[in-house]
Amino acid sequence: MTVSVHLTRRPLSVAAAMRVLSGPGLGGVVVFAGRVRPDRTPAGRVTKLEYEGDLALARSVLADLERTAQRRFGAVRIVLWHRFGTIKVGEVSVLVGAACGHRSAAFDAARYLIEELKRSVPIWKTERARPARRPRRPPYRRRGRASG
Amino acid sequence: MTVSVHLTRRPLSVAAAMRVLSGPGLGGVVVFAGRVRPDRTPAGRVTKLEYEGDLALARSVLADLERTAQRRFGAVRIVLWHRFGTIKVGEVSVLVGAACGHRSAAFDAARYLIEELKRSVPIWKTERARPARRPRRPPYRRRGRASG
Amino acid sequence: MAPRVTILLFATARLAAGASELRWPVEPGGLPLGSLVRSLGSRYPKLAPILPTCRFVLNGRYVVSRATRVRPGDKFAVHPPYGGG
Amino acid sequence: MAPRVTILLFATARLAAGASELRWPVEPGGLPLGSLVRSLGSRYPKLAPILPTCRFVLNGRYVVSRATRVRPGDKFAVHPPYGGG
């Protein structure tokens, strides 16, 4: 992967993101990775998420975000990568990165990008949970013997 | 590498840092990487930096920073890795990371860690520059021919 | 073939309607977006409470005005609040 | 062997003194840190302007008070402003 904006079903690689986030004079690189958490829900513990998106529009909104971050923070290289499809607990669903001359701008740009991505990019997740096993009734202990 | 605090002469791997920055429920991971910039100096263009440190003390200050970040931001996993020795332009000299339940704490923790690292950890860099080639005097054009 | 609008439903809207894509018959002259949304809510009662939280996309562009005319052949997408990341 | 303090010099302090480690003779009873720093500045004139910006470390711990006594066998480190990252 050598592109800024990417929507894919395949795992996201931070090492690949670092290769995109490099270039002469880019002294500060900040990467945010979002991982699927095993949250508790009424339906049980989350084991995976299903991500869907309005992909064509998502790509164009992400490209807008890239241009805005470049203009506003002087971020020279940007990564806005999102997985879709089934993503298991512990896996990375989103990778956002910014490479700038200095660290302050890189932090600000990366923070801006993930906040805006969540707010304005047409991507959704649906939780898949494993129902908590219902506690079995403890074996009934009879007092003495009963008939039958 | 599976440790939080690390001072090494060898290259730093973001992929290795991501393995440290993982664990159940850690939904937000922020990594900062500092790369050597080819800055202009009076001595010419920087080609590499020599990093030295008061290593035993540096390790103990870094370990203090880790504990403070865990307490203050609830950062569960932390990476504070610094290279020393000779580091060429474009290479990563420092990797700082924080993994938290949510992104906001991870951003705050990573930012805190790199600012404090720069302020309070006994590490120094010395620039090695390549002197700018002195522009040669343009070849002297004689007006007409001269003797000799 | 009768004149139709393609309606794309995502996430909670898809679950509420039980379909990700609808072929919705419209008059040849089309209708205002507001009317289309109202009739969608009537046809799919579970969708009705979700619609006020949704953004709407017509042929790849966000539309805000309820008066915008949706015409046969258009692609109309219903976007519940986003949840990427 | 005469009683000595080991002095470690880093970065600009090392360059100014032309050495990374000094074996510095002291009286058997030692001397206040302030006196040691003053005599270092006298012996290495290029070091003198750097010393006021430095932090000092005695046997692995930061020391702030100039009255702290430095004794034979101690390890004393001169830290110019840090520049990691």
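Order as written gives the chain letters A, B, C and D; numbering starts at 1 within each chain.
Keep this in mind: a residue touches a chain if its C-beta (ideal position, glycine included) is under 8 Å from a C-beta of that chain, and two chains touch if they have at least 3 such contacts.
None of these values were measured; they are calculated from a predicted model.
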item: Minimal step count in the chain contact network, subunit A to subunit C; value: 1
item: Length of the line joining the C-alpha centres of subunit A and subunit B, rounded to whole Å; value: 26
item: For subunit A paired with subunit D, centre-to-centre distance based on mean C-alpha positions, whole Å; value: 51
item: Centre-to-centre distance between subunit D and subunit B (centres being mean Cα positions), rounded to whole Å; value: 28
item: Distance between the centres, which are taken as Cα means, of subunit D and subunit C, whole angstrom; value: 76
item: Sites on subunit A at which at least two other chains make contact; value: 34, 103, 114
item: Residue numbers of subunit C (touch at least two other chains); value: 85
item: Pairwise chain contacts, counting only pairs that touch as defined; value: A-B, A-C, B-D
item: Footprint of subunit B on subunit D - complex, ascending; value: 8, 10-12, 15, 57, 60, 77, 79-80, 82-85
item: Partner subunit C, residues of subunit A touching it in the complex; value: 34, 51-54, 56-58, 60, 82, 93-94, 114, 117-126
item: Touching residues on subunit A, where the partner in the complex is subunit B; value: 13-15, 18, 22, 24-38, 90, 101, 103, 106-107, 110-111, 114
